[in-house]
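First chain A sits with chain B, and in the next complex the same chain sits with chain C.
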Partner chain A sequence: MEFKEKLLDSHLAFEERIDLSDAIHQTRLESLKTFEQKGFPSRKDEAWKYTSLNAMVLKDYALFPQTETTIQLKKVKKYFLYEIDTYKVVFIDGVYSPFLSDTTHDGLDVCLMSAALSKAKYRSLIDTYFNKIINKEDSLTALNTAYAQEGAYVYIPKSVVAEKPIEIIHFSTGKEKALWLQPRNLIVVDQNAQVQILERHQSLKEHVVVTNSVTEIYAHQDAFVDYYKIQNDLSTASLIDNTYISQEKKSNVRVHTFSLGGKLTRNNLNFCLNGQHCHSTLKGVTLLEDQQHVDHYTLVDHASPKCESHQDYKGVFSEGSKGVFNGKIHVDQLAQKTNAFQQNNNILLDDKATVNTKPQLEIFADDVKCSHGCTVGQMDEDALFYMRSRGIPKKEAKALMTYAFANNVLESVELPILKKRINKLIAKKLGVNLGFDL
Partner chain B sequence: MGYTEEELKKELETKEYEYGFYTEIDSETFPVGLNEEVVRRISKKKKEPEWMIQWRLKAYEAWKKMEEPEWANVQYSKPDYQAISYYSAPKKKDQYKSLDEVDPELLKTFDKLGISIDEQKKLAGVALDIVMDSVSVATTFKETLAEKGIIFCSISEAIQKHPDLVKKYIGTVIPIQDNYFAALNAAVFSDGSFCYIPKGVRCPMELSTYFRINQAGTGQFERTLVIADKSSYVSYLEGCTAPSRDENQLHAAVVELVALDDAEIKYSTVQNWFPGDKNGKGGVYNFVTKRGICHKNSKISWTQVETGSAVTWKYPSCILKGDNSIGEFYSIALTNNYQQADTGTKMVHLGKNTKSTIISKGISAGKSQNSYRGLVQVHPRAINARNFSQCDSLLMGNQCGAHTFPYIEAKNKTAQIEHEATTSKIGEDQIFYCNQRGIDPEKAIALVVNGFSKEVLNKLPMEFAVEAQKLLEISLEGSVG
Partner chain C sequence: MLTIENLHAQVEGKQILNGIDLDVKAGEVHAIMGPNGSGKSTLSSVIAGHQDYEVTKGNMLFQGEDLAKLSPEERAHKGIFLSFQYPVEIPGVSVTNFIKTSINASRKAKGMEDMTANLMLKKIREKSSLLEIDSRFLSRSLNEGFSGGEKKRNEIFQMAMLEPKLSILDETDSGLDIDALKIVANGVNKLRSNDNAIIVITHYQRLLEYIVPDFVHVIFDGKTVKSGTKDLAIELEEKGYDWIKEMV
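For the complex of A and B:
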């Protein structure tokens, strides 16, 4: 495995370029060791049973882009929520772009991970939060930690409501033939604070790019975090997203994932509910075609009593696309009065499309309400016939059915402008123009 | 209230295993250990033909290269395969012609088990094959069955008398290198049942096998092969018990079902191996491989009630190879004290218009862990495959666990798959409702559990349903969560 060697060898060079505190340096080295021992996951690992990284890691990638690149705003404007004012943290080929970004330190921190890691005033925060809730056994997370340097850093102080949504966008320009990116985000939402965040990875040219991203989110007591992941990349881009969320008492975290494109997308979404009365929402819409592959791997760990979690993933798969859903609800012995729900519905439109789904429950407490449901099926022929007999063309009828199918997820998007955008994206994907907003 | 939850719990814990007696029967046991020589000796003992010896040796070679699987959600200290005796048989000189010749001690054992062979013969109309310490000791109703052309005998007898049939089908559903325990079984199985239903015959009575481990330090490895020829029907029952012992005994059986075109096999199991005492000491390791293959328009239905064993690892499966074939799986798995069960099914849809139904009910009490693990696989050519799965878990007490691991793999767009699972405890309001009407808590729980498992109990043949219901009640008296 040559690329693994390269990753191990380049680490020294990587660390030499940056001047950082010793604590992080140690963490990096330990993580590198973990990665060295574990290597890339293979299909023999139960968690990677249906997703193979073999082809991906056989290639060679550039780890450090050569030069700084600038892009004109008008070229990429459409990827932003330009209709409204937002904070923006933008990276081009892994390098921060001050020109496209709009950061702040006014009342709340929306800035760079590299700044947070190197400046003394952030030191205690980094010590408290950095690399604390990740799965130390996960090799890809360890790899990211070993190279942790750039990404977004967000801190919302006590009782502050972020007035504008925050956009974290990674562009890749295709200057390198093949690029391996490892952004690292840290989001801390203090007591009673609120924030909405949007994350997007976008390549601007058809070229090979793999993003191995890690995001840590801390939601303190009564905090509210609304997180959206838009995955509508080109068919050459792959994404491995590792998100770790820790929730305290009465906090509410919602994560919506829209997987509409990309070669291979793996979403590892981990929730840990540490306080009572937490609310967690995990929802996703997957709409695939071609040879695309999306793997949702969720874990909700109910470690405290009286929490509620809700999962709802919808998938529509056409052509040779492949969908995987692997959801796990773990209810600790202490976590009485847990209410956990998990649903995964899939529609297969093509004979070559595949769905593998594995919704799991692991329950150690008796006074709980836990259920899951999962289906694989087709569109209702009768409903299609009904619409067509009333003059709605087949394509539109199918699109309507798809909307209805995904509506549970779509309607819970709380940013109206984003909702509109996603609806448009889906309409475009389905090749229709429905004359109404959903 | 006079009867508190604590008392109920205590009573439940101290409830002893009813079948935990040991019978003094002269038996012949091999020294412990496993090597090529032992495999040969078993084969020789059974007077098997050369091809069978080769088959066994091949399995042994395969087994040596395999590793014991660890993926199941159970924890146990692995048995030492060199510390087990692989052959133990009640001593006998010749084949019994009638029951009068059977060792009276043995008959007493069966009486204690509640199987009176005589009575069964006269009243119940169940043909019975009894396997004790891996050797078949009595087969009843042989002649009646023979008139219809049905072959029902021990597998070692079948190997000698019907070698063509055995050779044709053995190992076809579960290949010798299928998994660790199946390979071990193929190498050392000492007996089991064999059943063949000829074309167009509907077996007039329930066929039944009763397994019992008696001797200490032995493992039981029986192999069952059921073949239903075209358009035939058979209902097959299987029951098991073992004496209470401190050590862990190993039971690694293999069951193969072959349903040819238009045939139907109904296979019911009431598994009540010794589960270990209330501290989790002793008990049987039940590592069983069961699989059936369905040809055109045929149907295989598995029904199981699992209340025993310290560790259970069992996935009765259906390979729906033929078009329009049907697979069914109904299961109740009950775990108490320190029992662990990882059980479920596999439905592999290969043919067109194949259907499968999975109903699994898990009940965990005490400090037990109960897992459902199932696979529904729809292959690209399986047009219009249909599956419905439902697994419900009931938790009693806050120290047990219930887990669900369903795997669903769909590779055909016409597949329709539904899966749903719930986990809950017995509602206090349900108990309250019963109490109000003068039903004590203990009975109320039995009532709720019965209702919970009714869908499965209903699928059992009459005689077994009664036994199963009783078993559930014994294991579950009073566990208000």
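For the complex of A and C:
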């Protein structure tokens, strides 16, 4: 049986595990139909021209883990920001781990999607927000919605500043030989509220795992959302991340994506700017080797006037790795005085690595400032010689250049401990030990 | 310290150096002069080990060791320093972090521990004041947005920090106004000692009024065509390079 058939057939089994009277079940069923009609995207779809899921969906995956698994904290501590106090929503093979989590309902909600779906007091919020800003045409999002049940639910009420960052972490243990996970997150940040969130998917041993994740983020007027995605998974793990962000007047949303490992990673990052004076930041560092593949597919929809968006993605590729960047900026006819900037710079460290980069600007307003720039190049030999002539060995010089190259993205990371962690991850990837933090 | 004999070198198949001879001893300052395109900067790149330049004939010995076998970083570790005519901008790396990395790389190559933070700081303070460098300048990205004068001053600051045995100053005077030139020359002079040597590459005699050479060599068409004392530089300034060209 093809995996698509299995996904369709297994929905009955899924229904036995959930509450069919909850707020979203009709939406699940409609979404399943959408997926049935559209199926998995193929390279014939323009949006998937450079990323093929063929090999991925030819395999068979377990959809529901057999048993709940516990993990000792000391074995996974390093994946948390353990140096500081945080809220945590942790899943092991898709199942909530109360032991590793640290949730709250004290002044803000950091809890489970399944809890929000089952309790009456969340009903109106779920009705208002669930599945409202997704792309209804997107088959992978529809597939996720069809099976939506578990994930993180975050609600930051009006004028509340979440004092601790929130970590959303998905571990996979390898107990299932091949596992297909579909977490669903909903994050609502009300007027003038602020939150920092870190999301991570991590296999604990080499095994086939695919995560098809959907996150909806609502930033109301004057809200601030600072979101970090750490993608440093094992070479057997793949991730399809579908993130949809809706911004109201004067809100500020920043998403940093650090793609440092994984077999295949696709980041569909969608911003819709619905109110005036929004600020949006999309930044990424991609550092790949071997046969790894990362595809950043961004969309910034300027639907209101006087907003500002900044995109800055840096990529460094070696040894047969592949990078794709497709950055679309849409400026509505109404969206006068838009400032939209996009940068994608790439370095190929050898001739086996490839990058495809494509800016897409659709501008229907006449009083706007939009710019884009893509570069694909090699490491600057003159700069390398300069550093080597000052005694810095070639390998360190290359690492230093890579740091310097990625620094624009790193310098806007506002969690110092995270910045330090990412510095270390990058240094480890480059096989060097730099004597300072940038 | 440095002995160059009949050095020939090419870049991308194009012959640039056609027989350079140079003998630099500890404590000496040598000036290398010549018209544009004569091979002065190529010579400095070849000594520092730029990979684009291929030595086709002759040899270079540094303290008795064949330089041709050493990578640029190994040459730096042995004590060769090249002050670049056009220092490279490295956005994202501060002057301080760069010099720390540079110093500790050389120490590591010699089997020494990293320099302690205190000592490093002390040294940075001392050498930056020697070159009248503001401390704010040290936290800026290396050479990014620096004026021509700032770049050159930063090169000499690095030289002061690294304390090389042999320094090659490639057109250090270009792009400097007279005040900056005096500061740079004063810095270089304070670094002169009986144990180190300096090669000053310049088009004009101006810099040599401040950094007085023991010997002057004239390069033309990739060859050493004339050597003498500092009077040769003055003679060149008066008569121009055509005088040399006619002589060849």
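Just so we're on the same page, the second predicted complex is superposed on the first by the 434 of 438 C-alpha atoms of A that agree within 3 Å, B and C clash if a C-alpha of one lies under 4 Å from a C-alpha of the other, contacts with A are read in each partner's own complex, and residues count from 1 in each chain.
Just so it is clear, a residue touches a chain if its C-beta (ideal position, glycine included) is under 8 Å from a C-beta of that chain, and two chains touch if they have at least 3 such contacts.
It should be emphasised that the depicted structure is a prediction, and the values quoted were computed from it without experimental measurement.
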Chain A residues touched by each partner, larger count belonging to chain B or chain C: B
Touching partner for A:206 - first (chain B), second (chain C), both, neither: neither
Touched partner set for A:363, first chain B, second chain C, both or neither: first
Partner chain in contact with A:333 - chain B first, chain C second, else both or neither: first
First (chain B), second (chain C), both or neither touched by A:371: first
Touched partner set for A:290, first chain B, second chain C, both or neither: neither
Partner chain in contact with A:391 - chain B first, chain C second, else both or neither: second
First (chain B), second (chain C), both or neither touched by A:349: first
In the complex with chain B, residue positions of chain A that touch it: 46, 333, 336, 346, 348-378
Interfacial residue positions of chain C with respect to chain A in the complex: 48-52, 71-73, 75-77, 81-82, 84, 87-93, 97-98, 100-106, 109, 114, 141, 158, 162
Interfacial residue positions of chain B with respect to chain A in the complex: 71, 378, 380, 393, 395-425, 481
Touch list for chain A against partner chain C, complex: 380-383, 385-394, 396-397, 400-401, 403-408, 434-436, 438
